[in-house]
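I'd like to ask you about the structure that follows.
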Amino acid sequence: GTGEAEGGGNSDSDEPVELTVGAVPVPHAEILEEAKPQLEEEGINLTIETFQDYILPNEALADGSIDANFFQHIPYLEDQKEQAGYDFVSLGGIHIEPIGIYSKNIDDVDNIEEGTDVIMSRSVASHGRVLALLQENGLIKLDSEVNPVTAEVDDVVENPKNLNFDASIEAGFLVENYERESDALVAINTNYAIEGDLNPTEDALILEGSESPYANVIATRSENEDSEALQTLVEVLRSDEIQSFMEEEYDGAIVPVSE
Amino acid sequence: MITINNLSKTFKTKDHTVQAVDDVSIDIEKGDIYGVIGYSGAGKSTFVRLINRLEDPTDGEIILNGQDMTDLSKAQLRLERQKIGMIFQHFNLLWSRTVYENIAFPLEIAGIPKANREEKVLELIELVGLKGRENSYPSQLSGGQKQRVGIARSLANDPKVLLCDEATSALDPETTDDILDLLVSINEKLDLTIILITHEMHVIQKICHRVAVMEQGHVVEQGDVLDVFMNPQSKTTKRFVQQLNPQEGSVEELKDFITSDERSKVVKLHFVGHNAKRALISDVSKQFDINVNILQGSISPTQEGAYGTLYVEFQGEPETIEDVMNYVKTTGVGVEVIDHVD
Amino acid sequence: MITINNLSKTFKTKDHTVQAVDDVSIDIEKGDIYGVIGYSGAGKSTFVRLINRLEDPTDGEIILNGQDMTDLSKAQLRLERQKIGMIFQHFNLLWSRTVYENIAFPLEIAGIPKANREEKVLELIELVGLKGRENSYPSQLSGGQKQRVGIARSLANDPKVLLCDEATSALDPETTDDILDLLVSINEKLDLTIILITHEMHVIQKICHRVAVMEQGHVVEQGDVLDVFMNPQSKTTKRFVQQLNPQEGSVEELKDFITSDERSKVVKLHFVGHNAKRALISDVSKQFDINVNILQGSISPTQEGAYGTLYVEFQGEPETIEDVMNYVKTTGVGVEVIDHVD
Amino acid sequence: MLTNIFPNVDMEKMWVATYETLYMTFISVLGTFILGILLGLLLYLTNKGNLWENKSLNSIVAIIVNVSRAIPFIILILLLFPFTDFLLGTIRGPNAALPALIVGSAPFYARLVEIGLREVDKGVIEAAKAMGAKTRTIIFKVLLPESMPALISGITVTAIALISYTAMAGVIGAGGLGDLAYMEGFQRRNNDVVLACTIFIVVIVFIFQFIGDWISKRIDHR
Amino acid sequence: MLTNIFPNVDMEKMWVATYETLYMTFISVLGTFILGILLGLLLYLTNKGNLWENKSLNSIVAIIVNVSRAIPFIILILLLFPFTDFLLGTIRGPNAALPALIVGSAPFYARLVEIGLREVDKGVIEAAKAMGAKTRTIIFKVLLPESMPALISGITVTAIALISYTAMAGVIGAGGLGDLAYMEGFQRRNNDVVLACTIFIVVIVFIFQFIGDWISKRIDHR
């Protein structure tokens, strides 16, 4: 609970500090898992709570049942803080999962035909990100008054190729859609792409660059901002060992960050 | 014991009202077996259900042991009902309970502690002849055995009155006799008042002391069974009395004997009660120069003496036949010339 | 018309086998109303269900119009069944169909085009007296009316044989008479062979020409109804014959008359058939110095003549009584001294 | 005024979603009705003492029915992807939801059908047999008509369950009111949208229940 | 050998998930049984011609039952958050799934209870009344015991549906076999895990069905 987190970081103490962090299974929970031994050395006993959606980890953080969470990027965090009035802070980014747009039949952005389907996850949190990526590649134009992070399909103002957006597919089904809906563009989060035996760097038609603002962060309640245990957690996650684990394990599909 | 005054019950449904029981007044004495007979829809069931207030009367009063059943509170009514046993045509046993548990049910309802129930239940099981079947479920019993359980159950709370609604109508003739014998013996042993609904005349004949005949909610006739049998007034009653002697109804076969010959007359003889002259035919044959052919009919014993009808043919001189007729009248046997059959 | 040879049916269940029908041989002639009577479980239903192969016989043959029912293919059997009507105790009407549609059902099954059905159905509705109720559903009919629909339905395909399994057992006595009359009239009008199962003796008495008595799968007695009535051999048959005259059974009341007095004897007189001497009592009274008291009993007409039993008391000198007994025997009336009642 | 209480509700989207829900429900109810009756008849007929008594066939059908009743819907969708793709050439949209909806609810309905068929008076079936009826005639002219009120009230129950099921079909882009409530209401924290969708669903439920009750009353002449 | 066919199956995780599924199913079956019988009794007793005849109360209960039957599960979870939080102090894990599971299935079971109660012979109820029984006695000694086989086979059907329902509770971290199949099997394309979970689920289904059939046979003395 909260109490332990606040008193955490006192490595002189014999009692290990309990830390509970919420995460989605891949890759966040796996990265945390990898960090466990190092944290133990630092006197921190890490418990990982896995979540399947993007609303509840923040709810759980708000009601105090976890000390921090590790699943979201800054734009989403900001948006959620605004919408739900959370008093959260980011303790720093750990990695970027570049989102990619894949297609079985389309091999070049220039060959995208009129009326092509664009399939993306039903997670509202990622819609803006996909749309921003499409905008960067000149396929659509978003309403300039809208923050690209929270943009919705409705905010597309220019759509020269008449792309057809389907933004309601279960994220877990995206790879299956890539396989079967061969004429469509499918925006797949990197974690699902990896699990679906896709290699983002090779298979993606469009891949987010490392300049992406979507670094995944450790988030916690403002009151915990100075928690030593959480600071230690961030440090460990940015350590060389963990960073090289990410690079190797995820085949370049995950880009570690350290700022 | 039970006095019913001007009892009425009207059912109102969407499209019409039914006067199921209409201004019925009856007196039933302690220890009576009181029969109520009538055709389907006559209001018999409604009548008996009014007595224990399964239906609320529209009008009238039911005085049971000096207690007016119509002005009881809910709680009082429940207590009162515990003193009225009821037996149903379809037994209405709980299939989820054994014979023992079914009979113990009214005792549970009356709040009698478990320990005190056992003796009573076993005694009743013995009484209705089901010893050894305590742990059977109703589905393992024959119709007659089920009705015995029903009877035992209705007696569990030592009721003063037993209501039977077509208690034997679902049983075959054999079993019916069996159950009726049981009812008579209980009536005698426990001095229980029994009100018995039926549409079968022979049930009335066999065990009832008094009878009321219902038709369209009215009691059209009531009194001692023999009185009603002897002088059926209403058409309904006549038809029921006929039921008892089916041959009496089918008088068509008499046609062949009804001729215009003055020397032959078809006569109906009606024997009623203890002093019915059983030797009548023999007497007449001796005293008069006349032949008596028995055509059809029957004589049977009832609770109150012999009862029956014989159709006979008198053969002889017209004057002799006339004399015979007059003689028969003096013996108390009913006599009637049948000169046509319709 | 129907010849049944050594018919047997064994049911095998987990824990025991039941020989429901056991080596039954019966000949039924065209136009007969053939009754089969027996207690519950005697195998009556199984017997009749074997005839139209609702059950497959274990052994024996059923020859119907020269056709052995036991070696038909499935398709042939279906065709053959269309020529056998069947009436059920519980009517077995389709509640989802109107009277008209229920009666048309066998015609649909036989593949008769819709247009051709109408005439037949309306004719049958007329025959069973249900005109005007064509569009009623079974739930809107009384028991008797339902059975009329059942009868009409069974006649739709102009069957040569009608099987009735307890066709009247679910009906009240009134309605039963009604339905039996209808069966007789159909039998006469259409010269239909009827096999009629029942456990009620008066049904047999009223309409059957011939009867078989079943007991535990066997036919213990068969023949003309009157023959069987007159000389019941088996205990079962005797008990059934008693059913017809319930008073005959309850001979307890005779006890009071059975004394050790040599000058009084209780005698059972048995009248059977067309030549039953109806004037017997009158005759005896005239010819002998003896008094005849009628105690109980009944005489009734059957399809084949009068039939009945009277219990009488002879009062007179012992020798005279002896003479009377000998005289009665010469008249063809059965006579038997009752010296004890059990 | 309504826009005050429901500031985020877009009526056009609501109608589209309502149409999608009704479309999916109607078609899948139809499919469930047919498939369920087939399976239910099989269960009934192959049971002991019935027309096609066949212990092993009965067990196989019973296993299929039990298993598909227990498989979670999302797994069912997944397992049916190849079939759906083959049948419709797509795995997205309302149509693609239908196979899973039907396969998910037909076994449940089949059980209700079986129960209904068991209530048919054995005597009536026997009467039809005694008249020389073919099995087909018995099925179509006796078993189904005589159990129709039970079949109708069963499909009503199933249809109402299907309405809630269609929400789950949102995961493959089938849309509908349940999905709208999740996407626009829950995920965007617009409680008014959740409420509006719930109201719409409830109204649809009542209409279904009303129609079901009415039909089953009309055809019940018992 | 088994590890050859199921290379990705972690038996420890399987047992944990099985435990979670069983835990959620047991508790929610229990809750559904009690709440469903309560609602079913209310539906029955307030119906026309019955002990507590009350048209408006009957309509209210019927509406509650119909509405909660139709609300999609995910929306139901959401709507119950405040209640769950108040009751359990958390909105995550197997326990937090229980309110939604129970509220989602009790109305369905209530309908089955009502149907079962309607089958109780009116004559038997009347007999109890004629003996002077209180309403409570009639409920506990007549209505419930006499309808018990129907109540048991109803809860069996409901329990099997609940097993598939628990998979959806995965969204709030409740775990269970359905969730394991989705998370570890489907999402990671480990078909062996999907298969293994499905087999476990099917086995559980059969055990439930067997127990249900056995009990209902044991107590049915009709």
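Think of it as A, B, C, D and E in the order they're written, each chain with its own count starting at 1.
The definition used in the following text is that a residue touches a chain if its C-beta (ideal position, glycine included) is under 8 Å from a C-beta of that chain, and two chains touch if they have at least 3 such contacts.
Per UniProt, the chains are B, C = D-methionine transport system ATP-binding protein; D, E = D-methionine transport system permease protein.
Nothing here was measured: the structure is a model prediction, and the numbers come from that model.
Trainee: If I superpose chain D onto chain E using their CA atoms, what angle of rotation comes out, to the nearest 5 degrees?
Mentor: 180
Trainee: Centre-to-centre on C-alpha atoms, which chain is most distant from chain C?
Mentor: A
Trainee: Could you tell me which pair, A-E or A-D, is linked by more C-beta pairs in contact?
Mentor: Contact tally favours A-D.
Trainee: Go ahead and note the Å separation of the Cα centroids belonging to chain C and chain D.
Mentor: Between these chains, centre-to-centre, one finds 53 Å.
Trainee: Where the centres are mean C-alpha positions, what is the separation of chain D from chain E, in Å?
Mentor: Chain centres of chain D and chain E, defined by C-alpha means, are spaced 19 Å apart.
Trainee: Distance-wise, how many Å sit between the C-alpha centres of chain B and chain C, to the nearest whole number?
Mentor: Result: the chain centres lie 27 Å from each other.
Trainee: What parts of chain D, by residue number, touch at least two of the other chains?
Mentor: 74, 78, 182, 186
Trainee: Where does chain C touch two or more other chains at once, residue-wise?
Mentor: none
Trainee: Could you tell me which residues belong to chain A and also touch two or more other chains?
Mentor: Residue numbers touching two or more other chains: none in chain A.
Trainee: Using the touch rule from the top of the page, what pairs of chains touch, sorted by label?
Mentor: A-D, A-E, B-C, B-E, C-D, D-E
Trainee: Report the residues of chain E in contact with chain B in the complex, numbered from low to high.
Mentor: 121, 123-124, 126-134, 137, 141-142, 145-146, 148, 219, 221-222
Trainee: What residues of chain B sit close enough to touch chain E in their complex?
Mentor: Residue positions touching the partner: 52, 54, 77-82, 84, 86, 88, 90, 92-97, 105-106, 108-110, 137-139, 157.
Trainee: What part of chain C is in contact with chain B in the complex they form?
Mentor: Touch list, chain C to chain B: 40, 172-173, 199-200, 202, 243, 245-247, 250, 253, 278-286, 290-301, 306, 308, 310, 313, 315.
Trainee: In the complex formed with chain A, which residues of chain E make contact?
Mentor: Going through chain E, the ones touching chain A are 85, 90-92, 170-173, 179, 182-183, 186-189.
Trainee: For the complex, which residues does chain A have touching chain D?
Mentor: Against chain D, the touching part of chain A is residues 55, 83-84, 119, 122-125, 166, 168-170, 173, 176-177, 180-181.
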